[in-house]
Structure formats: structure tokens, C-alpha cells
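Next, two complexes with chain A in common: one pairs it with chain B, the other with chain C.
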Partner chain A sequence: MIEFTTFIQLLVASFFLNNIISTYFIGIETLSKLDTKIESVFKNTIALLLVLPFVSVISYLIYHGLLLEMNDLGETLKDYTYFQTILYVFIIIVISLIITSLIQKVFPKLHHYLGSSLKHITTNTAVLGILLLNILSVSSVVESFMFAVMMSLGYGFVLLIITYIEKQLEKAPLPSNFKGLPLQFIILAIIALIFSGFGN
Partner chain B sequence: MKDPIKVDTPQKSFDFDFKGNLNEMVFKTNPIFTLALSLTPVLIFTKDLNQSVVISITLLIILTLATFMFSIFNKFIPENMKDITWLILFAFLITFSEIILQVIDLTMYETLGIYVPLLSLSGLILYQALVKNLENNIVKDTLRASIFGLSFMLSMVVISILRSIITTGAVRLFGIQMRLFDVVYSFTLLDVHLELLFCWVYY
Partner chain C sequence: MNQKAKIHLKKENPRVNIRNLSIMAILLSVLLLIAAFVYTPYVLLMGLVAVITGVGLEYAFTKIRKRPYKLDAGAFITPLIFVLLMPPQLPLYMVIIGAFFGVFFGKMIFGGNGRNIFNPAITAYLFLLVTFPFDVGASFIDPITGSIVENINLADATFTGTTEQLFGLLLGQYANSIGATFVLGVWIVGAILLFLKVADWRIPLTILISTAVFTAIFGNFYPGQFSNAFVALFQGQLMFVAFFVATDPITAPRTSKARIYYAIGIALITVIIRGLANAAEGIVYAVIIMNAVGPMFEPLEVIQEENTK
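After this line comes the complex of A and B, so read on.
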């Protein structure tokens, strides 16, 4: 759960302090698919930005409208929150399918540019992870929208740093077994150390 | 000359090489060490041996159950919908496991937090690696899935034991404790020795 009081705190907390990759380690499966291309990072981030805000707003509305009903005193009247996992998965699948078909018809160039990254958005762990964090920590629709946008931007930011450093290290005389995932993980560890320093 | 026509005779006897499959999946296609799949639960839960054991057992049971249920309806599901059906099935089973975990140990469930629902996606990723080796036989597929989950569990336990030895100097599993060395004492000892060494070098 991420704590904040003002709107600017929300932006900073979701982008830097509680970055999805460097503090929660969610969505690091995409590291192995990037192949040190900065373009693929942009594709992943755009796909996430297209899908995630809508998913988070709709799931917020469903969570507070259908699953959980609270009294003015804070007592729970009904609580069906154990359904949330299957419901979120279902929402992610449906909305990503709707958005991909819409983009295919309205913006065919964008659809061609994004390619498989839009198709594989349902298998991205970051979507469900950000959604679960979002529901726990946010208290209005606007906040949930901004939280999703900033979280996905932070995701892209850290991935960009890792791929850029890895690209720079291509010229370095590294042993061949060390290249690829091991190098990415060491870079990720150093970045996570730096990001943990922002919190204190 | 034509080649003699080969007739695929159905295998009547059940031959499943358990040892060979275990050997192959632990060393050649290990989900963590060679394929590098679903690393989020590995990084998060291997801090503590109890957590890693609980999570890997739930993943093993759910993976085998889901593969068993999925292989029954495998022929009727179209190719495009397979990932989606698997995801929904896995999320359904994860919901059940969440409720059971809450009943058994509420404090453990609260410490695991948001990472338990996230297992549904890592399960999908594991399934995508597993699906190449499946052969449309219900018993063989479930056995293969269980071996895959077992190899995942083995590697999780190995990593968590190593991590707990390095950080705390002891291995704890549900109340049983095996202390190897005292971390604070050994570090202070190392510090004193280093100071002595520096003193000896300078003066």
C-alpha cells in the first residue's frame, strides 16, 4: 500500500519512491524480451499507457460499487473482495481486446508500430500488479487514473535506464556468459539501491 | 519403390519416464535457472524459507490441477482462446487458494500481500513454457506439470536457503531452526581483525 496526502506526493510516490520495477520487482519478465532495443521499451510503455488507465478506472468503479460497500461510520455492509483476482483478470482481458480492436480500426499505423507488444499486454505482470496496488492505495477516480499513468511512465523510465546502460556496456570487454540477463539484473540491483535512497 | 507405410500403433502400456523427466526439467529446462521465468515471486519470496515453501506448494498444486482440468477440454478450445481460458482458470484456482490460505494462516496471507494474485500471471508464463512438451494425454500432461512445479519448488528452496544463510546465518522452517553462525558476532570479529591488520600495516 502506497501512502500519500497531496496530489504532487501521489505523482512522486508512484513514479520514483514506489517504482513498480525497482521497489516491487513486478514486470521484470519483460527484461528478457527487450533484446537491448530502446524502441521496444517505448512500444511496451505505450501499450501499457493505452490499456492500464482505463482498466484501473473501471476496476476502481467496480470495486467500490459492487464488491465493497461501506457505511458512513466505516463499517462494511457487504464484502465480496475475494472475487477481485478473477474479476481483474477478466477486466484486463476484455478491455485489452476492445482497445486493440479499436486501435486496429482507427489508428492502423500505431497498431502496426506497436505490433506484438499490444497483443502480449495481458501476459504482462505489471498490469495486474499496478492494478492491485492502485485499488489498495487510491481514494478517487482521478487519483486512480493519474496513479496508473505515472506508474506506467515509471515502468518505462526504469526499463529505459536498464536498456541504455546495457547498450553502453556492449563495447566493454565482458565475458560472453555475463551478457544478457545477469548483466540486466546487476544493473537493476544498482538502480533499486539508488531508488531506495529516495524514500529516506 | 515406395516406402512401406508406417502405421502409428496406439501405445497400450503406460510408459512415463518419471526419473528422466525430472532430470531433464531440473537441469536442462529449469524454470528459474535456465528459462528465467516468473522471477517476481522468486525475488520476493526467497527472503524467507517459510514463504517460499508455502508459495511453491500452492503453485505446484494449482499448476497440476489446472493442467488436469485444461487437458480435458483442450481439444474443444480454439487456438486463439487458449491463453485466455488458461488465465481465467488459473485466476479461479488462485482465488480458492487465497481463501484457503486465509483460513490456515492469516498472518502469512497478509505478509504475502499482493503477490499471491500475481501468481496467476506467472502461472500463465510457466504454462507457455510447459505447453511445448504436452502431448494431449491427460495423465502424462498432469505428471509433466507436477514435475515442472516440483523443479520450480526445488530451485526456490535452494535459493531461499542460500539467502537465509547469507543474511541471518541460520535456516528456519516452521519453528525448526538450524543455526550455522552468528552474523553480528562474526562481522564484529572480522571488523576487529581488519582493524588489527590495518594497525599492523600502518605502524
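After this line comes the complex of A and C, so read on.
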């Protein structure tokens, strides 16, 4: 079982220090699709939480059980880890399809609530980004599971902040040149500035 | 929330209130004047440069957008708070860069005064801290000897919290940022602020009480990493920020309940950063994080409500 201090460190890291959006700027294409509905942020995050932990555990097992093992087999071919990206994409598609159809059968109400956000999981770059980071920074299956859960929550946290800011700015007299995406990126930059301060 | 409550809220807590802004600007200038006696009159020059930069930029930006410009006290507050958060011997070009960044990216692009989401002074402070880490974060002046020291009193290892040291802290004998050095002065000016009802008393009071409580709780779990709960209130920039920056009516939430949660959040993040992170002082980060998180405690109607006055 994971220790309490590790848990707190993981929590702070995934929410502030290594936040997938504000530190790595991965998954920001979701910003352009935001429709200033708080509900849609929850839908996105729940969909991510349903898929990502399983994908991350399986990809961890494949990376350590298959790719790294194959490295030691032959003399001529050394490194197979470059296969990881294509393998992860494959895993993401398969697992998200399986989970979607499972939810459709077992929890039809949840499936109805989530709507199209489950489909968008496969095109969300945050998923692949979290998987690639995951491999670099965890050392056990449990940690990999926790890392995925926390990173998804951190992703939802920043999206929620930006959605609330968008709501506040709905009626503001914004300069026309900055309206829309430019302002979103500046807000994101300020959030990144805030969160980065923890580290130094 | 019904219509009547909405109107009441609008009347009670308007985001931009010229009287309050003017009083605030005057009190901040008083703090700067006090700091000129604690340190050197150079801090007055810093304040002047920052104010000229801020007001000039606001004027220019409004003119470029072809809108009527009306000078009010709000334009002075951001540069003044920004200077009061700075160490006392910052080169003037850094002051100009900071004030420019704060007013432009913190305030103007959100639509001007009364519309900003993040506190512009803190935005400027964080930007300078990232850009010039040594000059802003690690070159303070000891008020008594006048020599340059690396740390503010919070990170000073010799500070153990005896009565003598506490009085020294109150009278501004330990290195700190310009506004926060003379704690007694911050108290007096802050009391005037609360007495004139410029700021909501709930925010500073809740911040101070919960900081003490959280410091005591965390100190139990991690012995040796946190200072005494009572001493923690006097250290760092806590007093100054709690009275003058966190109470900013524009970036703080508007309903009383949300303000209490906002203040508790500030205290919690402050204590966590002080004890467990690398940064010495956490309240600046805490305030700007809660600026972003604060609206989540409010009813949606309050957030979306249009407010021009």
C-alpha cells in the first residue's frame, strides 16, 4: 500500500507541480472545445477517470513486462522501447472501446449522462501524455494507478478553473484582439506561473 | 438567489467603489511613507516609478482602444501594492517591468479595472520572481545594519520566537519586503481599513485564526518544520497580505460565506507552502490560487451578474 506522505506528495505534484495542462501544456486542445458549462468539465473528468487508470496499469505492465524484457533477448536488436507510442495508442483505443460498451450495458444511465465525452477520450492528447509521463515517473503498479487517477483529477481541476474564469468574463468589456483563444492562453500562462512557483 | 437579494448584494458589495478605492490608495501610500523611514527614501522613488508606469499604461491602453479615460484611485492601487511586496532595493528598471506586466497582463486585457480575475500586483510579483529570482527573492535589507541579507525573517534560522524577538518583529527590525516589515504599522493602518469598512473584516480575521490553527495541526504531524502557531502570525508577509491584498473587493468572492471559505483556503495553502515546499513565504501564492478557486464557492448568478458601477 502506498504511504501517506507519498500520497500527499503525489496529490500536490499532480494538482500543482506537474499538472498535465499547466506544466506540460498537454491536452490544451480541450480549451478550444470548452463550452463554459461546468457540467461538461465533470463529464470529461469522469470519462478520463473511467478509462485512464486501467490503460495506465496495462501499459505499465506491457512496458515493463514486454518491451524492457525483449531488450535483453537478442544481441543484434537492442532497444524496443520506441514501440511504446504506437502500442499505447492501440491500448487506449481498445480499452476505451471495451469500457464504453461495458458501461453501456451495465450502467446505461451513466452512459447517457456522459454522452459524447467517452468517445472524445481517444482523441484527447492528455491521455497519451499522461501515459508517457507515467512510465517515466512511477515504480509500481499501484503507483501507476494512483498517478493516473491524480493526474486526471489535476486535469479536471485546471479545466474547472478556466471554465469558471470564462464564466466571469462572459460580460466583461474585453479588448477585441484578445477575445477567445488568446486570452485563454494568457490565463493558462498565468496559472502556469502560479503553479510553477511552488517548485523553486 | 432571488432578485431582491441580488440587488442587496450589488448595493452592499459593489466591485468598484470610488470612496473605498481612494481610502485604500491613501492608506497604502501611508504604508509606503512608513517604509521610507524604516529603510531609505529610495522606496518612495520605487513607488513613484511604479505608479507612473501603471497609470501611463492604463491611459495609453484606453486611448488605443478609443474609449474615454477617467482617472480614479483604482489605477494607483495595483502599482502601490506591487511595490509594497518588493524587497527594498530593487533596481528601477525591474520596477518598471513588473508594473507593466502586472497592469497589462493582470488587469487591462481582462477589460480594465474591476474585471481582473487574478490580483494584478501578485501576478507582477510572481512574474518578477521567475524572471529575476535573485534580485526579487533573495536580496533583502536588514533594517538595523543596512546590510544585504538573503532571507526574510521567516526563513531566518536564528529566529526562535522569544518575546524580545517578537517585539523586534513588531517594530520592524527584521528583513522583509517593503510593506510587511513594520508589523505594528500594518496593524494600525489595517485597523483603520477595517474601521472605515473599506475591507471586509471576515477575510483577515479568518486568515489569521485559521493560519494559527493549521500551523498547530501541521506542527503536530511534522515536528520541527513549522514554527510556533502564535509566532507564525507575525512572520513573513502574512499580516500585510491578509489586510491589504486578500481583501481586494475585485478578486475576492462577493458573498460572506464564500469569503470565509476563501480565507480558510488561503490559510491552508499558506501553511502547507511554508512548511513543506521549498518557497519561504506562501501567502502570495495562496491568495492568487484562491483568486482562481474562490468563484467556485459562489452561486452561479453572482458570478455571471453584470456589474458596471
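As a working rule, the second predicted complex is superposed on the first by the 179 of 200 C-alpha atoms of A that agree within 3 Å, B and C clash if a C-alpha of one lies under 4 Å from a C-alpha of the other, contacts with A are read in each partner's own complex, and residues count from 1 in each chain.
The rule we apply is simple: a contact is a pair of C-beta atoms (placed from the backbone, for glycine too) under 8 Å apart; a residue touches a chain by one contact, two chains touch by 3 or more.
None of the values given here were measured: they were computed from a predicted structure.
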item	value
Partner chain(s) touched by A:Gln168 [first = chain B, second = chain C, both, neither]	second
Chain B versus chain C as contact partner of A:Ile86, first or second or both or neither	first
Touching partner for A:Ile190 - first (chain B), second (chain C), both, neither	second
Chain A contact footprint on chain C (complex, rising order)	65, 105-106, 108-112, 115, 117-118, 123, 126-127, 129-130, 133, 272-273, 276-279, 285, 288-289, 292-293, 295-296, 300, 303-304, 306
Residues of chain A that touch chain C when the two form their complex	12, 160-161, 164-165, 167-175, 178, 183, 186-187, 190-191, 193-194, 196-200
Of chain B, residues touching chain A in the complex	36-40, 43-44, 83-84, 87-88, 91-92, 94-95, 98-99, 114, 117-118, 120-122, 124-125, 128
Contact set on chain A toward chain B in their complex	25-29, 32, 82-86, 88-90, 93, 122-125, 128-129, 132-133, 136, 181
